[in-house]
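Next come two complexes built around chain A: one with chain B, the other with chain C.
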Partner chain A sequence: MRIAQEERAAYLAAGRSAMEAGPSWLKLGRHEALESFFRAGFPGREEAWKYTSLTALEKRRLHSPAPGAEFLPDSLPAGHLLTYGNGYALSRSTSLPEGMLGRLDVALAHTTLPAAARFGTLAGRESALVALDTALWREGVVLHVPAQWRVDEPIFIVRTIDEDGAMVHERSLIVLEPGARATVVELCNGRGDYWRNAATEIFVGARAHLSYVKLVEDGAAAIHTGALFARQEQDSRLDVLSLALGGQLTRQDIALDLAGAGAGATLNGCFLAGGRSHVDHHTRIEHTAAHTQSREAFRGIAAGRGRGVFDGLIVVRPGAQKADARQSSRNLLLSPLAEIDAKPQLEIYADDVKCSHGATVGRLDESQVFYLRSRGIGDVQARAMLTHAFALEACAAIAPGTLRDWLTQRLDGALDRLVEEGRK
Partner chain B sequence: MGKSENVGIGDLMQEEYRWGFVTDVEQERVPKGLSEDVVRLISAKKGEPEWLLEWRLAAYRHWRTLSEPHWAKVHHPPIDYQGIHYYAAPKKKAGPSKLADVDPEILATYEKLGIPLKEQEMLAGVAVDAVFDSVSVATTYKEKLASLGIVFCAFSEAVREHPELVRQYLGSVVPHTDNFFASLNAAVFSDGTFVYVPKGVRCPMELSTYFRINANDTGQFERTLIIADEGSQVSYLEGCSAPRRDENQLHAAVVELVALQDAVIKYSTVQNWYPGDKEGRGGIYNFVTKRGDCRGARSRISWTQVETGSAITWKYPSCLLRGDDAVGEFYSVAVTRGRQQADTGTKMIHIGKNTRSTVVSKGISAGEGSNAYRGLVKVLAGADNARNYTQCDSLLMGSRCAAHTFPYLEVKNDSAQVEHEATTGKIGDDQLFYLQSRGLSAEDAVNMIVNGFCKEVFKELPMEFAVEAQKLLAVSLEGAVG
Partner chain C sequence: MLEITDLHVAVDGKPILKGVDLSVQAGEVHAVMGPNGSGKSTLAHVIAGRPGYAVTAGEIRYLGQDLIGQTPEERARAGIFLAFQYPVEIPGVANIQLLKSALNQVRRARGETELDAMDFLDYVQSRLGLVGMKEELLYRAVNEGFSGGEKKRNEILQMAVLEPRLAILDETDSGLDIDALKAVADGVNALRGPQRAMVLVTHYQRLLNYIRPDRVHVLADGRMVKSGGPELALELEERGYGWLEAAPEARRARA
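Showing the complex of A and B:
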């Protein structure tokens, strides 16, 4: 639905300061993107939004907030750290040069930087929400790892929003040149009834390896719409983990393109939907080149009146022979009013391929509970153990170490609260 | 009106589509196009009561407010709904009441299709209600069934003889407002089959209808209604084939099944409509709405389909599991080759407690065929202990074919257990090598592997159908692997 004339002014006012900065090509792109958002409006009746409604968002009065405060979670592991408050860069603690890890708007002002040419080539204007993000993002993050560089410690980008009614559009651009390696964790947290709209573009060069984690710990009243686009070159590797542990309404769109022969990807996720919250993951993995491999595993747990949605599509393009894709979506329902909707899909246009998917929705296996109880473990504890084990499978794609331990802790903490709620 | 123009028995195309002949029978048609007048005319020709005409008109009026759905993964040029004859019937001579009175040309047609009515009458076991274009021409075994209280007749006859049953159940599973093609069917349906099995009766033979599209430019809109009363059982077979034509023909049928308490309905289809030629010219558009309603406790509906024909198939035989402990099943083999497109699957709606459903779908794509499984498993909040198992496998032959899987799982009850799994792949070179090393030709090896792939579905078919289905599959895939 188109955005009404009187509402357009509000968006223009909210975005004015962001849209008037930067080089002219960027400003032009912002204005075009805003126009295309106005024409398309918020997604509504289309198939991709069958299970998720943004009407709550359309009703909210939103504004552009002032810079907020930094909020770091407990026992954050050592690594490079960038913090953002309400979309504004706050602090930077890293040994990496500014040109490698820093603000995206600064990088784009120097178009000679190699990363700049990639900006906007994956996250364009196809989706209205991404178009709005393209129009209104400010400051942003860029990571550019030159060829053969290894960034050993994880890079944390902590994005906090702490203002009611705030509308924050975030943008990240991650480029790994051939042979480079890096691990990135984007952490989203905050409090209040804000709207976070994010877009991330990832380019993984030939033989490069990126681990990317999106950890969502938004406040209980927050709406989060995120889009991630990645393109992989020959023999590259990308591991994506999406952990959705908070927020009122979370929607993540993840699209991976295995464009180079021999590229491999894992896409894992775990989402917890408790209370009245709603978590929706839409994933799309395209096998464009031959000999590409993908592994996707999502674990969903819904309790209370929570609703979880998984929509995963695997596409094998013509000519992508020897593609090998596996997808699994397993979901647990912890209470009678919770709901899970799963839609695992395959679209295949080549013949010499191996593709499979599986999806399950149900309760814990009573025979497993019985086994643990027969070993002297109480019912409550047995169920908690099985639920934890179920969720933790998603983290398996992250290399063992302090980062995985820390992510497991975050997941465990959120899960304890959910299981507690499911028991009530 | 008049004779159909092209007479082409035995000429050129026999090999490609063996059932592509045209029977030269005098036809009675209404003019092309659709309007309230045409609906009234069809109703008047069939001498229908007022309530049925009103129902048709309501459907027509509703249809006019709808637009053609485009969500299925199929592509075709726009359909001109005003360019279709909505009614065609062989001209009546005196009204054949016995097999002997039936036009010999029509009987000869069936013989070519391999269902000689006379033989079947003797061979016992199968009663045939043959639908030729739109009017049922011969019904056998009626007396024997009648002695058990089973009604098995043409739809139009049921409207005359059993109006109270038809009125009670017509549209109760697929309402006239259901979807674009179902509404169209409700407005213009010409004939079909009606089955009623009374309480506690187990139908002693397989009931069967052979549908056949014959006249040029006529859509066929038949309607099947099967009611199994409490504790009864019935198995119904449906087979289809159509002569070759260059223009696409629309086939929009509706099938409604009602299973009351403890009743069992088994519905089997072998669909072999004309698929079009190698370039994708011609062929049937098979846009069908099939739905079964497990209305009573412990009722059971089982769909089995083998889809080898049609240019486009758009079909989702579904089960509404309303009664507690009801069971729904769907077994399907769909083959696409040449430029055929299929978008088919099922819906299992779990409403009652302890309901169970099983879905097994096997898709085979060869040449430039496109095959999609689209299915919904929905567990409503009250469906405690619902259980579903779904398996869909695709077999790919040739680098230009396509196979898709679009399952939807919607679960609103935490005691439900829903499982879906799907695989896609091609026939392994090692499998072919093994069979060939045992002396099988490449073609036989492929046939054997394909038959094994489909075995789970074929074993659900009644004997005669299983044999026919295997033959059809072999013919369909001839030359697909080289």
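Showing the complex of A and C:
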């Protein structure tokens, strides 16, 4: 629905300082994007938003916040670190040069930087939320890894929001040139009833390899709408892990394009929905080129009156012969009022392909529970063990090591709280 | 050690056990034999406390305690172990993790301290040899992708680690080739002792070539129709079960 005239002023006011900075092409793009958001309004009627309503968002009085405070999670592994508070860059702790890892607005002011040319080419205006993000993002993050470079330690981008009623639009641009390697973790945390709207564009060059983790630990009253777009060139590899462990309403749209022959991707996720929270993942993997491979595995766990949605589409384009795609969505309900909807979809336009998908929604297997109990393990502990085992399969694609151990700890901690809630 | 008196059990409202008596003393090995559908597995599972198996009459006493109403974990911690006919696969839970959690629960119940990681590993490795199991299976998910023989050895390994007072082995011989059968039997024999009782539930006499029972019972249509010494097993091997199921005097004798 179109945004009414009287409300438009509020967005213009919120975005003024962000929209008036930067080169003129960027400013023009921002204004056009805002117009396109005004025309389209918040999504609601379309099929992709059937299960998820943003009416709570439309009712909130939102404002653009002042810079907030940094909040780092416990025992964050060693690595490169950028922190953001309410959308403003706070600290930067890395040995990488500013041109490789830094603020996106600074990078775009120098249009000669190679990453700048990619900006906005994947995150278009088809989505009103992405258009609004394009109009109003500030500072942002850019990672540009030159050809054959390896960034060994993980890059952590910690984005904290700590103001009630805050509206923060985040933007990331990640470019790996041919043969480059990197691991990026975007961590979203905070407190208050803010709205976080994020868009990330990822370009993986030929033979490059990117591991990308989005770890959502938003506050219990937060709304988070996120969009991730990735394009992969020949023989590149991309591993995406989406862990949605917090927030009132979380919607993640993830679109991967296997554009180069031989490109391979894994897209794994685990979401926890407790209380009255709502977590929705919409994923789209396009096999555009031949000999491309994708593996997608999502695990969902809901307790209380939690609600989960998984909508996963795999498209195999006519040129993508010998494409190989597998998708699975397995979901666990820990309480009678919890609900998860899983909708796997395949669209295949090539004839020589291997594709499979499967989705399940159910409860713990009582024969497994009895087996553990018959070994002396208590009912509560047995169920917790099985629930953890179920969720942790999502982390299997991350290389064993400090990062995986830490992610596993984050997931374990959130899961303990959810299992506890499921028992009530 | 185990005293079962006039036990009636229904599953999904359907009577399966219709008055079973069984008395097993410490140090004894008993075999419960019988045709398919006679209620053997139900008897094994009801002793372990499987939910959904309703005891409608009778008693199960273990070491003088009434078992009915106790949870499966309480029974396990008190020293009861069930080796499953179909060991359950548990993806994502490492075998060693199951062993460690289970052993620590059982040790705590026995008033012993939990083992630290090194002592625990030493202890488990010492038990691996008993069942001829490869160490790498400790680090795989419980029973996931195990062969039939590996699953059964894994059951005996768990038994060897937990050191139960009363072990119920449900069709542990089914689906095993002769080498696996021998390995399992060796493990069981090594665990025989004056303080421990075992009940072997089996369809075939074959296992009893390797594990000599003190007593043999025949279960048919939910009742114990005959008991005897080890020679009864050989007689069953020769004559089958038909003559017992058909014998009306056997049923009257129980009534």
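Just so it is clear, the second predicted complex is superposed on the first by the 424 of 424 C-alpha atoms of A that agree within 3 Å, B and C clash if a C-alpha of one lies under 4 Å from a C-alpha of the other, contacts with A are read in each partner's own complex, and residues count from 1 in each chain.
The working rule: a contact is a pair of C-beta atoms (placed from the backbone, for glycine too) under 8 Å apart; a residue touches a chain by one contact, two chains touch by 3 or more.
Bear in mind the structure is a predicted one, so any value in this text is a computation, not a measurement.
Contacts of A:366 after superposition on the shared chain: chain C is touched, whereas chain B is not. In the superposed model, A:349 makes contact with chain B only, not with chain C. By the touch criterion defined above, A:20 reaches neither chain B nor chain C. In the superposed model, A:74 lies in contact with neither chain B nor chain C. Once the two complexes are laid over each other on the shared chain, residue contacts for A:377 go to chain C alone; chain B is not touched.
Shared-chain residue A:389: touches chain C; no touch with chain B.
Contact comparison for chain A: of chain B and chain C, B touches the greater number of residues.
Contact with chain B, but none with chain C, is seen for A:340 once the two complexes are overlaid on the shared chain. Look at A:47: by the touch rule set out above, it reaches chain B but stays clear of chain C. Overlap of the chain B and chain C interfaces on chain A comprises no residues. Taken in their complex, chain C has these residues touching chain A: 48-51, 71-73, 75-77, 81-82, 84, 87-88, 90-93, 97-98, 101-102, 105-106, 109, 141, 158, 162. Touching chain B in their complex are the following residues of chain A: 47, 318-319, 321, 331, 333-363. Within the complex formed with chain C, the residues of chain A that make contact are 365-368, 370-379, 381-382, 385-386, 388-390, 392-393. Residue ranges on chain B touching chain A, taken from their complex, read 71, 379, 381, 394, 396-426.
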